[in-house]
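The chains carry the letters A, B, C and D, assigned in the order they are written, with residues numbered from 1 in each.
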Amino acid sequence: MLERLKKTVCDANKALPAAGLVAGTSGNASQRDPETGLIAIKPSGVSFQDLTPEDIVIVDENGNLVEGDLKPSVDTASHCYVYRARKDVGGIVHTHSRYATVFAIRGEDIPVLTTLAADLYGKPIPVTGYATIGGEAIGEEIVSHIGNGSAVLLRNHGVFTIGRDAAQAVRSATYVEETAEVSYLSMVLGPVQPLDSAAIDEARTWYLKEYGQKPVGSGA
Amino acid sequence: MLERLKKTVCDANKALPAAGLVAGTSGNASQRDPETGLIAIKPSGVSFQDLTPEDIVIVDENGNLVEGDLKPSVDTASHCYVYRARKDVGGIVHTHSRYATVFAIRGEDIPVLTTLAADLYGKPIPVTGYATIGGEAIGEEIVSHIGNGSAVLLRNHGVFTIGRDAAQAVRSATYVEETAEVSYLSMVLGPVQPLDSAAIDEARTWYLKEYGQKPVGSGA
Amino acid sequence: MLERLKKTVCDANKALPAAGLVAGTSGNASQRDPETGLIAIKPSGVSFQDLTPEDIVIVDENGNLVEGDLKPSVDTASHCYVYRARKDVGGIVHTHSRYATVFAIRGEDIPVLTTLAADLYGKPIPVTGYATIGGEAIGEEIVSHIGNGSAVLLRNHGVFTIGRDAAQAVRSATYVEETAEVSYLSMVLGPVQPLDSAAIDEARTWYLKEYGQKPVGSGA
Amino acid sequence: MLERLKKTVCDANKALPAAGLVAGTSGNASQRDPETGLIAIKPSGVSFQDLTPEDIVIVDENGNLVEGDLKPSVDTASHCYVYRARKDVGGIVHTHSRYATVFAIRGEDIPVLTTLAADLYGKPIPVTGYATIGGEAIGEEIVSHIGNGSAVLLRNHGVFTIGRDAAQAVRSATYVEETAEVSYLSMVLGPVQPLDSAAIDEARTWYLKEYGQKPVGSGA
């Protein structure tokens, strides 16, 4: 069942190492099927390179196994928590991308230093509290910090992004890392002034209305 | 119409991710047709990977749509502003390449620390003022700061380069990033002395006369 | 003889440049045959790119040549020392991966700053004393510092990792570098607080029991 | 004439971008034919990607054109100066590899911080004085600073390496950059103690005698 969804989620997972956002087996992408509400997610501890659509695990929104031979990601309960709390979310991505993880380690928000960050996020990307892996604690941190944004930095851990679907969450994960990288590199040379809030608001409003081939909406 | 130009501009855009200068959908390249004065430019928000010659949009020098099914880049009005103000410019490239963007964030010119920078630019690469995206404001900043150079850093945004054609502007964008990177890395270890102006002038004069298989002219 | 082992060890060696962990000819991977106790190892000074299964050298656990036309790695005596001292070790990898080598140069342990480091290592990755290349001295430093971990930083030199087999040691080498990189980048911006020991212990205990498709055991 | 040499030198030039040591058209490799004393070198301003064996230019040891449709590298006079002064040199490589160039910009020798640097160089990699491009001045700086080493940093410019042939000079250029990178990264975190001279001498002596499949000799 849900063969197309499994293929989509497999592709989204494979896009992560291709974009340099993950290494080894860490990180994952999931997507919710709008009709059934079922969720397709990466299995635990399988390398991105070896991953096939058949490996993708289907769970319900409470994390109960529906289909799949492999154990789902250890972050499944947290993905499900987010999907239950946020009906507008159709895709979730988790990475340990390096520069974003540096901000997560240091417990510092990624400031808005560029028009790109203003366009995409409209505010600093926030750091959550520390959460234990394996249960819903990560999901709770995501929901309580992400607001109307598309990304959070999980304290001492990595990044979670949300989107309409997995592909949009992958895109957000790519831009979080690009934003984190130029912010980090700038800060190494000394303190940097963020954009002022009027410039940020103007850029964000413009972006949501004008950028791309159709309205971007609230996602990145 | 202008099928060859559209292919050329498509190739120039695809050269940007291949050179590591852009990610996602940000950044663009355009080229002016010397005969008709029409301009071919990347569509807005389309990924470089998916881009085909058919996607390239043709506008006149005032930015009016001439041909194309897609909405042109949000930077089209600024490209057109530069083409109108600078009849010697045949190609324009915009990137958010990381080290150059760091100088743009910090509002610091890229100093002349190497013979390569002296050869190619002959002076520091300047930072413009902050400009709102979507209109001509970016174009005005480019024209008022670029002088006889081939590159500017757009404050809190990224890089614009110009050239005889899109390919030369891509080449300049590559060298801006290489120059920004070694400059940045040098500055991280502490203050660095730029080359003195006599050495810069000697190198720049030599380069324009001797380097390559034919005179380089004023471009990078 | 041992054709499959030679192929496995050749693949493990070729995985090192593919993962960006080695350059030129430096670095090596070996694996012990559980039945015969013989060890397959990279030849000395051969580039990873040119390496074929036929080039892999077979030695006994005292480093005596058993089969092979080429001289074995200069680190062979140290690999053998580890295999003799640690019957649980089936694979060894050595790299000069850049960020881990920085910690080795500075003589500083890699601290536990992330849940990933807590999961995989459960403690800082230690730096050994300085050891001369060519004899068993490196092996002695590895055995006296690695304890129940899977990686050590060899002072002013590089990284050694151990595993059930060469593939697991390669995986550990990949994660050591990822851990070193985010730790280094975090430390460049100023002092960083490691995870507290309760969080580390909780994460490590959880990881060994729950992560992946089967129990991970003591390796990384 | 010298078709094999032209192919070899073309390959050596193409190895430079493949190893991430050059970008655009900057940098070059040459090799001397031991029988005729003629030198094959890259043409000026041609991209590495487009380079073919037919493009390689043949000059005599005084830089006079012997064969080739293209203008030889602007560094040809300096390559020839080195070949005349050092009959033991069969290949020369020039790059602007990033971390080595940082030391060249800052005017600081690359210290011996690792066993690899001790093995390959046995002493710090020296920085020359500033030299104007286009004549023999660069060659004079190389010869007066390189001594029995295989690499120098040209002040505010880049790296020159020498070897028995172009391939060995490429290998040295790769290791210079690796050595520069870990040294740079280490120094960013604060002052670092170089290896003491006894350890350096021991490592260098061992390396020349034992490493690889045949004696390494004096090259890197």
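To be clear about the criterion, a residue touches a chain if its C-beta (ideal position, glycine included) is under 8 Å from a C-beta of that chain, and two chains touch if they have at least 3 such contacts.
In this text the structure is predicted, and so the values were computed from the model without any measurement.
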In contact with chain B as well as chain D, sorted by label, we have none
Among the other chains, which touch chain A and chain C together? none
For the two copies chain D and chain C, is the contact made of the same residues on each side, with over half of the numbers shared, or of different residues? different
Farthest chain relative to chain A (centres taken as mean CA coordinates): D
Once you find the CA centre of chain A and the CA centre of chain D, what distance in Å lies between them? 45
Starting from the mean Cα coordinates of chain A and chain B, work out the distance between those two points in Å. 31
Where in chain D do residues touch at least two different other chains? 188
Chain touch graph shape: choose line, ring, star, complete or other and state it. ring
Show me, using the given definition of touch, all chain pairs that touch one another. A-B, A-C, B-D, C-D
Considering the complex alone, what residue numbers of chain D touch chain B? 23-26, 43-46, 70-71, 74, 96, 98-99, 101-102, 104-106, 130, 132-134, 156-158, 184, 187-188
So in the complex, the part of chain C that touches chain A is made up of which residues? 19, 113-116, 119, 171, 174-175, 178, 181-183, 185-186, 188-189, 192, 195, 199, 202-203, 206-207, 210-213, 216
